[in-house]
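Next, two complexes with chain A in common: one pairs it with chain B, the other with chain C.
Let's turn to the complex of A and B:
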């Protein structure tokens, strides 16, 4: 451990002496930076020069601390080496790096430290100080002397703090920032309780309800319809002789690889003003072409289509999890099929139904693309936040207040889900060979299930056909000649003087999207799995809170994340707007909970005695993770990487706040196309994305799918582990 | 040969000695182990024996360093290791589930510990090959654990542990995943291996026969505490509590009054029947009389001595016959190995208790 401290401290000193302490305007490998003076300019100077030349005496502290730690670690200079003393010094150094810039930003102290974004040097020094401290802490005999675990906990906590809670804090402070007139409380209250937020006019004959009312209404409608449909599909698969079950299951991956608003687009092609169905109704049935699609009902239809598979995935687990023997028992007790369903099965599904409902509610509230594309005059919270930032009367304070309302709604639903449903799950996988037969549906129920699911299925097929077909049609509703123009506009590649010229309008955002997603995906998976490992395999103070907080970040709607990032990282000490880094960070911390969940599920399947065996054989916790767990977790890792990659490509809500001219993302670009009415190009682009993601999924399946099954059979012990007796 | 060089040449006699000094472990409100003290001689095989949930595994895991005691001290080879985690202890464990790494070959598993301590690959392999040979699995190195039978997997787990030449070898119910036929064989192999390597070994089981067969010494645990420890014979012949008496082989336990006569000899009073007892483990007063089947003999009803008895049932079990006899002092069971002398028609008998084989224990 002495050596670990030495290496860490040496790295820190390197950062202190040779990396720019503050953020620089250019990449450090660019010429411009050298021209501007490089390390010798005031802006580019490392900590050492900042202290000596540029009059920042506070920055001497981290340098001195690191030097002291380095000396003590290699035992020269005869400096005292008490770990307690070193630890105090390290904490002091950390405080000297981190506190002044934040204090300057928030409290106005240390004005000389403010105004400049922290750069590579500061980051390296801070990380080195932190890890030196955790290593020493472990060496003092705390936490099982496990330097790796302590360091990981500290690192994950700092990262979540900086990139989840620090930005949210900015939303809160923005909401209570001093208004141009009146008092803070007055303005917050008037925004938060205004008629445009909570108004109920649409129920009393007026035109529009408030945005919060719209959001809640939409959430309840969508949650209800997706839950009902999800249950119907789950029953269809488990309790009827429906022939194409495999196809149905395949359909459930569609929403994963479809950018959410694409469904809305397809609906426009069907039911919009120039839509197929609309014109057909106008021409042949003489029905007035309505605008009903552009409002709550249209958004509801799109969300129902988009989110039903999610409810289905929740409910199929529940429906399959209820042991058939319970239903058989009911039947031996003289219950007929209907009565069995009513009195035994449905009550057992109830927690699952509530779960699916709450998930649907959260998804609907967080959805941004469909309301933006279809919402028309009926704004919802997520779109209203966006317009309050980018709209004509840019009003970040209002955006922040709305974001807090949205946050409360989704967090509330999330908390209800966790606390109320956490305990009551009847669906159990007992591991006992339950070989009873499931009760089939009674005739009436069967008719209802088919009646609900078949039209939906037809609509889904038509919608995806539209997405495909629409991209080849010249001008939807007017000129239906088949053409490749849209693809050409977006993805043209030309040969010019022997060089490839990517002249299509979409290439720029396309490559950016792929790059950012593929940078973020492995980092997301790594951080998620590390966190999962800490949660399952390590005991530490405050673990429950830690787990809760990690999962909580899942429930923060993308719009709120986007807003919080733009508010927090627009100004020093952490200045990231306009860079690709902010997009990568946003993806990592938005998708990390997915990695955590996957990792938790996978690690739980691996018998703890494998870890313990490795520990008793002299492996440390890092080696155990590296040589025992990681190889066994390979399928989970691959799944997490693939899933984060895909979510990076499809996400809209947070990204749309963070894109810049240099770093535009595919979804944001498509939304822009839709706003300009270029539906054809938009859909063509969306198609390309869908194909890319499908290819990624298939490649992953092909490369790892087969092996995964064999591996999974071997996970745990070669023999079934008996309960410890 | 794999031999623990330290054990052989140690001038320090304490290499491999394990000392528990009033060690307790609680999980929240559950007190799994309470104030356990013992001192395990180097090079011996000691069994922790007791019913399920009595704290055997917890004790073993504390020796391994997988659990830290909430109270008390643990010393291994005279060094206080109470807070030293498993990684840094020179102790190896064979897990109940074997815990073989399923993604590594047998060779990978056995060399794992050596590689972790920084040994070169070639050297680790040759050591591992020796270890595999010792457990009779030479040539199985390239197989995956899933390609081995249960018994072979167990041997790999043992090889993986002993290849490190640990100061202490720990085995948690090593036979529980094997079928009945294999158990006796593997148990003898483990004992032979332990004696050959001379490594201090702690063996956990809930089966008293297994314990008696392999151990130098047995520690009987009950409810997180040590009920009694000693050699198998001591525990069988001189149990101090009714629990120990009943756990170490079957015994008739009769409530009685222990009396000490003026000449120092002991008598157990049950109702108005008196039974002389050669030795007592208790003070005078309320006690239990332990009468193993071997202390009981049956004679014809015509005899005057002994207690009258009536045979309630007799069960033929092949090599022995099990009798249940109703007597004025309570129902007694008795096993007779001479199955030919068995006469089913005779119901009234006289029961004799041999004072030298009776024992008084605490209620």
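Let's turn to the complex of A and C:
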């Protein structure tokens, strides 16, 4: 423990003495700041020099604190070692680093601390102070947790506070900005209760409901359909002898690795008024071709296509995790296959089902691309917020109020889910070796599963065939001359004087997208699973509120997240706009909830006795997490890494405001192409991204694979050995 | 001064992608025009000036939202392209820097007029007239006659066949609303919109969506800017473009310098270039069909000939003002949309 504090403090002091305290022009990896004087210039000076030369006496505090902690940790010079005193000092040091810049921005105190963005030096020092403090706290024995657990809790709390809560606060303050007429409360209330928000006209013969009603309706529909389909696919893979399981896995994955508006375009070509299916049906049945696709039904179809894989990813882990021995026990007790499914398996799927439903509902609420392409005149909250920000009549206050409504909807879904799951235990992976064959589906269930999945698979195949085909024809929908022009425009590579010239228009955004997504994905997964572990295995004050905050950034539509990031991180103390880092951070905190939900569902299945065994044998919580839980969480890790990588590549709305010329993202670029009607190049680009993501996912699956339980992954005979009497 | 801050993990990987500074300095441009044109003018200006240009394309509404959000610490130097209406709003909010280019005298009167309305803070780079387009295949299939006037669109024969964007979200549709008010007078315009409402199958969010829907046969008629329709037609879709017989309004695409721009001198150089005949030629080269604002610039051959279109004297000052916008839109919401 002593050594841990020593190392942390030494690291902090290094940052204090040798890293620029403030942010430097163009970042420290460019030559610009070194040319401007490096560590000796005022801008590039580390904390030590800022204190001594540049007249910032406040910055002496963290340096002195760190030095004191360092000395006391190695016991030099008879420095008193009372942990209570050290803890107070550390908190003081942390306050001296973090409070003045924020106070300068918000309250006008410490003006000399404002105006400069915090840099690496400040980050390293703050992190070191924080972790020293948590290590000491754990050592004081105030809680029955060790340093790792306390440090993780503090770190996750700080990060979430900074990159979820802080930006959202910026948006919410806009909701109460002074209106042009009337009082603040009056204008907020009139917006929040307006007929355009809660109107029910669509049920009573009118054309349109309010946007909130549309959102809820769509959310429930989509969550239901994706959960049912996700479960059907999970059962199809684990409980039937369906021959092409590998292919099926790839197909169920396809929709999430597709930029949403591409699916929307394919649906228009199939089911739009001039679509192939519609035209065929209209000629065949002699009815007027309809425009049903443009509205809630079309969005529902597209969302179900897009989000079923998420439900599947959540459910497959849970369905695989349920111990076959429980099902065998049920059958030994003479339950037939249907009864086993109904009374044993399904109840054990509940955490998975609830999480899948919650994710589906929230994804649907936050979805932006599909309602934009297919929504027609039926607005939903996410698009309405977007247009309240960027529309002809920009009204940020209205956007903020609608964002709050959306938040309450998410909160509601979250609470309902918790109530349904309650405090029941769903642990099925225990230390006891269990063996046995999975119960197959009963004939009736098997027929239902096949009946649900096969048409859906067919639709998916057709949609993707169209997308694939569309990138090779001149004018999708009209002129079907085969051509490679679209790929040539986007991905041309030339050899010029022996060097490769990436002259295609897409390369720039392509490389940026890949880099940013691959940086963000492992970080997202790590943070998500760590958070899930804290939520399930650790008790701390305000845990429920904490759990809700982790879901916040996921629930808010990307556009609002993007805008809030600009508002929060464009000016000191934390200045990130125009960099790639802001995109990475946005992805991490936006996609973390998926890691959290997946992790929560998976950890709930792992019996606590495994942890306890490890702890009893003297392992710390880090060792327990690393050597006991993580190997069992492999499927959840793979899902989290893969999913956040994919989301980095396919997410649209959050990045629209955050992309800059140096860091342009593929989807932002594709949206531009779609807006111009260059569908060919857009889907050619999308196809390349799909192939890349498939390759990455297969690689991740191959590298990290499944967990090894002492079970045989086989399915029992349709007729169990017991005699039917 | 431009400060940047990288945090640990991502920074190393991002290092490779960060653009390096050229000797002539840097310039950040937000582009509201077509992607092809953005890339075209970026390359052409970099070649000419040696300035390292960073340009990204966003929609006009997004650009305005970003510039508002960044107003205390602007990261962008120039706003180039896209309909001029949001730039007038930005000018009125004090987000733009006043700048009159030396090329100013070469500009056509409407561009100079736009410059005056903005208080010298934005200048017109192109103009494009409003109109509508119809799908010839559907017209034939349904055996209808082609519409040629605004009034035709409200006729019963086109029931459920007209698409127009929602003026609350789309600048294009707001231009249409203001145009109709200027042609018919306010009360008559809303009466007309009420009748048109019976024929409208969808008020789309995006301004260019209706003409794309018409191109793909999803609707018979789409109301949009004519140069957008030309682009669809050139792509090979079966549409015919109509300049309404009563006359029509137009948009002016604009360029402006952001207030507090970090590369002010380079920003001014870019504006000069964008207004020059040479700079405006990049539009036609990128397949664009708007009418350039520089009198010496060549007009793209496919551009709708402004001379043959009956244009109203569109009053940008009045209809670009926040009060008029709020008034017209709330009346639209009250009288037209609630008719459902």
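Heads up, the rule we're going with is that the second predicted complex is superposed on the first by the 406 of 725 C-alpha atoms of A that agree within 3 Å, B and C clash if a C-alpha of one lies under 4 Å from a C-alpha of the other, contacts with A are read in each partner's own complex, and residues count from 1 in each chain.
As a working rule, a residue touches a chain if its C-beta (ideal position, glycine included) is under 8 Å from a C-beta of that chain, and two chains touch if they have at least 3 such contacts.
Since we're looking at a predicted model, the values are computed, not measured.
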Superposed model, chain A: greater residue contact from chain B or chain C: C
Touched partner set for A:533, first chain B, second chain C, both or neither: neither
Contacts of A:261 with chain B and chain C, given as first, second, both or neither: neither
Contacts of A:392 with chain B and chain C, given as first, second, both or neither: second
Touched partner set for A:146, first chain B, second chain C, both or neither: first
Contacts of A:474 with chain B and chain C, given as first, second, both or neither: second
Partner chain in contact with A:672 - chain B first, chain C second, else both or neither: second
First, second, both or neither for A:615, with chain B first and chain C second: first
First, second, both or neither for A:632, with chain B first and chain C second: first
Complex contact set, residues of chain A against chain C: 22-30, 32, 43, 116-120, 123, 196, 201, 206-208, 268-269, 272-274, 291, 294, 372, 375-377, 379, 383, 387, 389-394, 474-475, 477-479, 505, 511-512, 515-516, 518-520, 523, 563, 566-567, 570-572, 574-581, 584-585, 656-657, 659-664, 668-669, 672-673, 675-678
Chain C to chain A touching residues, read off their complex: 1-21, 28-29, 34-36, 39, 53-59, 61-62, 64-66, 68-70, 72-73, 75, 85, 89, 138, 166-171, 173-174, 201-206, 208, 212, 215-219, 231-232, 235-238, 325-326, 329, 333, 340
Contacting residues of chain B [partner chain A, same complex]: 52-53, 57, 61, 64-66, 68, 83-89, 91-93, 95-103, 112-113, 116-117, 144-146, 148, 150, 153, 160-161, 164, 170, 173, 176-177, 206
Residues of chain A defined as touching chain B within the complex: 141, 144-146, 607, 609-610, 612-621, 623, 627-628, 631-632, 711, 713-719, 721-722, 724-725
